[in-house]
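Below you'll find a set of structures to go through.
Next come two complexes, and both contain chain A; in the first it sits with chain B, in the second with chain C.
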Partner chain A sequence: MRTFLFKRLPSGLAVLLAASFTVFLMLRLIPGDPATTLAGPDASPATVAAIRERLGLDAPLLSQYLHWLGQVLTGDLGPSYAIGGQVSELIGDGLAATFQLTLAALLLVVLLAVPTALYAVSARRRALAGALRALTTGALAVPPFVTGVLLVLAFAVGLGLLPAGGHASLFDAPDLAVQYLALPALCLALPSAAILARYLQDGLERALGEDYVRTATALGVPRRRILWRHALPNALPSAVTVLGLQIGQLIAGAVVVERIFAWPGLGQLIEQGVSRRDYPVVQDLLLLVVAGYVAVQLLTDLLYSWLDPRVRWE
Partner chain B sequence: MNAFSAGSGGPLSLPAISRRALLRGSLAGAGLLALSACRSAADPSPGADAVSGGAASPRRGGVLTVGVGVDFTPALLFAQSANSLLQRLVFNTLTRYDAQLQPQPELAKSWEVAADGLSVTLKLREDVTFHSGRRFTADDVVFAVKNLQNPVRSAQLRSTALTVADFRKNGDFELTLVLAHPVSNLFDLFEFMIIPDSQSVEDAVAGTRLVGTGPFTFTDRKPGSSLSFARNEKYWNPGRPYLDGVEIKVIPQAETLLSSVRTGQTQLTYAVRGKDVATLKDDERFRITQYDTGAGAFYIGANLSFPEVQDKRVRQAIAWAIDRDRLVQQALGGYATVSSVPWPKSSPAYREQDATRYHHDPEKAKALLREAGVTSLSLPLAHSSDAGSTAVAQILQYDLKQVGIEVQLQPVDSPTMQKQLISQSMPALWTLSHSFSQAHPATLAVSAYPFNEAKNTSKFSSPAYTAAVQKAWNRSDADSPEAKALYQQVTDLLLDEQFIIDLAIAGLVEVAGAQVRGVTLNKYSYLNLDDAYLAG
Partner chain C sequence: MTTISLPPAARSRSGNRSRNRYVAGLRTWRGVTGLVLVGTVALAGLLAPWLTGADPDAQGPQALAAPSGAHPLGTDDIGRDLLSRVLHGILTDLSIILTAVPAGALTGAALALLAGTSRAADLVVQRLFDLVLSFPGLILGLAVTAILGPGRWPVVIIIALAEVPYFGRQLRAGVLVQREREYALAARVGGAGRARVLLRHVLPNAVDPLVVQGAVALSAGVFIEGALSFLGLGVRPPEPTLGSLISGSVAYLDTHPVLAAPLAVTTALVLGFTLLAEALNRGART
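Showing the complex of A and B:
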């Protein structure tokens, strides 16, 4: 296993190095630069030149790249150009906020999807089942930026129950944090909940059509027990696979939802970084994403090699 | 029927979960939510605790929530930027202008400008301390001026700060600034220049610690989310501020900000779009105040290195072709004033006949184009890619097409636009907004790059313009008839040359909850909450 890891590690590092160079270069190719952004529209070229010098942007590109690589390797990511504060703290805070939002959304996905699917398959009236199916189709079809505005109108403006946007720390003020989290998490969860509900409903309907269900019914097993003890466990594995796939979608969707609800996560951070040409923030964030993918790939390879020894011998 | 109906392949009817059970579950969920919600995040006035005064007198206490669309950029602390509101919360200036543009005391108790205009002597307050506890002295004014002279601070009034050639201290609380030449906008500098703590200025531009002498102390910042301030208990202004604190919330999405205002979670904002303000103005829960400056002056710039726009008659034709009234109504929600000049009504350079010199006259525009020998013209027009700027650009494109000028819109993002602006690499035409016409006219011509007489985006140069600008700037009196005559010379040249074609002046629109009182802004949009309070 260790030998296998040593074989795979260099390719992972090579990918990271290539990605770092690409990210660095791509950012420099985008028109506009941090110095002009920080100088403001009324600045003179002398001001821009002074800011460029202070940021070290007047140095040759290779020297800038090596300086950044050194920062990454030593773990000292340095200060942000425009947003303010240390990049590592900004990324840490953003990561925590996005993680919080994604986790809450994931919980809501399960809480919404499972009862909906169970209720749809157990509904006496076909009309009700049809209505639930239509509801899930609607939740799937309406994009989060529309759902977000509708939720704000209903729960913040109309009912005045929840805040329209903002953030509170889960550790400092958990009661407020839950309220700030409710609408963005719901907005993020709805499409994934709809997908999961439909998969689970299909799975349950298939399971309920099986012979063992008919046998159990004939034997007089209570219908609630059949659903919970027999049909649901058979339908769950495929639903869990779908739920796993939805986690990626939730993280991607968080970028949009964070902006709607002024949620200070990674989506907001990268948007701020790009719009202000804050090179350190954007570079480090993108490299972190690539590193995440490389790590997942390595872990998957390791898992395959553990499950199938032939892979190790190749 | 109480058993599964096992039809051929169809779904089984399974009445396993009753509606009663579902209702019970929902109620339990709501109960849990209610339990968790000991406080309400939707409460419009957290911490409001007025303790004194009658209905009409100021009340102490409460936290004011201010909504902004753009986060604070620490590196631009010493420049006017999209979010300059917090400057006057944490810091003070030496003087502040009243409505008549006359300086009033702040950290400077009194001042005396020398007869030759080559120096100004300031007498400073002796009862001021920084939030760190350190005493404010003349050395802090020296540091503040030198700080603005540093180009990395991006201060728009750097050219005026650079005229301060020497400092002469007479004790800790009297200071003479010696100028290289007289300047007519010295008090614009004093209105603009915040006095930072010299010992923590680098922390301030990094956004980690803001230390000033102002009414509120900086307590916390969550980048992209919020800034928090608490009352400065040792503020030099007796009994002020009334508020316990201020919370600035960053809400980038316009619809969310509007909802936040409607629900009372945002009590004060200047970031509601013009078209949205219309939906609030008849609601008695809100008070709308329109300032005559602060949101920029919209203009079309012409890059004179392109032969198509080198003839000033072509530029004048463009000025006549634009329907400014429609632009203000449709693109700016009616919250702007049409104008052919950069000056707002409060400026000493303002004259009604100048502001209305160019109005919508397509026939006159066509005649000027014919006179210039132009039969067909196709020009690119750069604009910021945000929705508001795109709407402005589309109206300009339509109006110019009516007089035979085909315009290709070139949307670019804000950093690219700024780079093109500063590096003089704009296409033949661009549209943007400029600032710095809100105080004395000389400030515009020496501080706003598009109007700079020495080097500007348009690559326009003219000995007459340079002479007029320098004469208007290099004098100590700012409001005398002679000064106004010089401002008129600058205006006449701008109106004739049209390298910058002014369209409309947009003022900041203040949307405040009806309970918010006593809020003011200075000429550079610094929020002054010394006298602000939340009425009961």
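Showing the complex of A and C:
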């Protein structure tokens, strides 16, 4: 635990700080000045100067950066430039929707991948294991924007079972919300589920080839017990690391999936921010995503050491 | 006894042997299928000017026309020849990923070699990779687009930048292993300088894993181009890319199934690269 607190945690925070500085500096390097853009083409120099002063853009870079960090820490992110409204409120609105989507996708990833991998290694027929492997390769090779389109065609247009897009509140209409959630979550989950299944299957196969498994088999331990009691605990830690990395892919993938299914989340917001050059929105959202991702990595490390006592932090 | 003399002989020809292993990997069904898929799609793109006479950007009078002699795949929603757009789209995608992936690989490799020169450099380079990796997938793309705006070169830069840490980390790991091998120590003892050992002896033995990463990176490149175009942040229209063709055809797919052609081509290309990566990886592991 001490190693985690004194080594892993500070290095995570250092990455976060470096990322915040990079994001801040990047958006200041853009040619053209937000104050000029905001004021419009016919504004007088006095108006531009007034806007610049109001936004604090005339202050030295370092003090602007510290001011921004202060805003982030207090949660009051100031007004957005182009989209309208307070950045904190915009992010608050999208956060719940994106959180629901990624959480549902994460659940699906685990529910799809773990049984697939366990089934593939315990299947007596080799052909079945091969077929499952081919299936995971297929799921890996189809980009989410293709899967999404195909899912809409099959379930919404063809079968008419599920809505093609949209969003309902989980608290007001739970049954409707789940229907809206099903397709985007599945679309987001498929590639990550394929990767996790592949890693877990490889890990289980490697564990099943170890000497202790041969010993257990020779001693007459049932195959099922060997798989659950001996192979799985040995394959799980590295699978958890893969899952942690995949959470990053889920956050990033949400941008495309939200677009396909008209899901009103942070992905749509950041995309709007980028295309409309709303720098406060982009800057805060990038930092939020990186912070979330770094936090997930730290949690993964903790979970790994809990699952694998050999690397427990002394 | 041959068994006694074998290990050193095998080690001295390890570079040659590993190349044979990759060739063996490509001869499996995965490798052959991957080569055929990538080869067919790439050839169709390269031969675009000869396979179709139609200008990919020329708008005809009839929108969403059914396949005919003049338009083998019909036309898109503003009357442009779909076959020509798909073929030229392949060409755009290939030119993007074949610029971006080598650029990313070379930058990553250069940084990894730089990391091999001193502890301080290693620390800086490692943190630099961490920093890039802390922007997951498409988020990095959005960050770069926020600065540079949409366009062809931003897409190239995004793909290259996304791949730098992966190539860099792999080569760094290889350099660390090879540097401690007897031959590298022997070269040092023999009087070769730090740079010479690194470039002349260690590097050629450490680059092999990058072959697999190259195939993975090419498929990732098609993904990133597609996703950015899908969001409207990729290569500017009217230039066709596989991603922009898919996003343009989505609205009409249920009534005009032939518009699924770009979907099929993109999937074939990514599947081909994925299978090649798997085949090379298995070849390297056996």
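The working rule: the second predicted complex is superposed on the first by the 185 of 314 C-alpha atoms of A that agree within 3 Å, B and C clash if a C-alpha of one lies under 4 Å from a C-alpha of the other, contacts with A are read in each partner's own complex, and residues count from 1 in each chain.
As a convention for this text, contacts are C-beta pairs under 8 Å (C-beta built on N, C-alpha and C of every residue); 3 or more make two chains touch, one makes a residue touch a chain.
Computed from a predicted structure; not experimentally measured.
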Contacts of A:Gly40 with chain B and chain C, given as first, second, both or neither: first
Chain B versus chain C as contact partner of A:Val146, first or second or both or neither: second
Partner chain(s) touched by A:Ala18 [first = chain B, second = chain C, both, neither]: second
Partner chain in contact with A:Gly248 - chain B first, chain C second, else both or neither: second
First, second, both or neither for A:Ser275, with chain B first and chain C second: both
Partner chain in contact with A:Arg259 - chain B first, chain C second, else both or neither: both
Touching partner for A:Gly160 - first (chain B), second (chain C), both, neither: first
Chain A residues touched - chain C or chain B, whichever exceeds: B
Common ground on chain A, meaning residues reached by chain C in one complex and by chain B in the other: 149, 153, 157, 259-260, 275, 277
Complex interface listing, chain C residues touching chain A: 127, 130-131, 134-139, 142-143, 145-147, 150, 219, 222-223, 226-227, 230-233, 243, 246-247, 250, 253-254, 263, 266-267, 270-271, 274-275, 278
In the complex, chain A residues that touch chain C: 14-16, 18-19, 22-23, 26-27, 29-30, 137-138, 140-146, 149-150, 153, 157, 248-249, 251-253, 255-256, 259-260, 270-271, 273-275, 277, 279, 282, 286, 289-290, 293-294
Of all residues in chain B, those that touch chain A in their complex: 2-4, 6, 9-17, 22, 25, 33, 36-42, 71-76, 79-81, 150-152, 154, 156, 158, 206-208, 221-226, 249-253, 255-256, 259-260, 262-263, 265, 412-419, 421-423, 432, 434-436, 447-450, 452, 455
Residue numbers on chain A that touch chain B, as the complex places them: 31-33, 36-51, 54, 79, 81-85, 90, 93-94, 115, 118-119, 121-124, 129, 148-149, 152-153, 156-157, 160-168, 173-176, 178-180, 182, 205, 208-209, 213-214, 217, 223-224, 226-228, 259-262, 264, 268-269, 272, 275-277
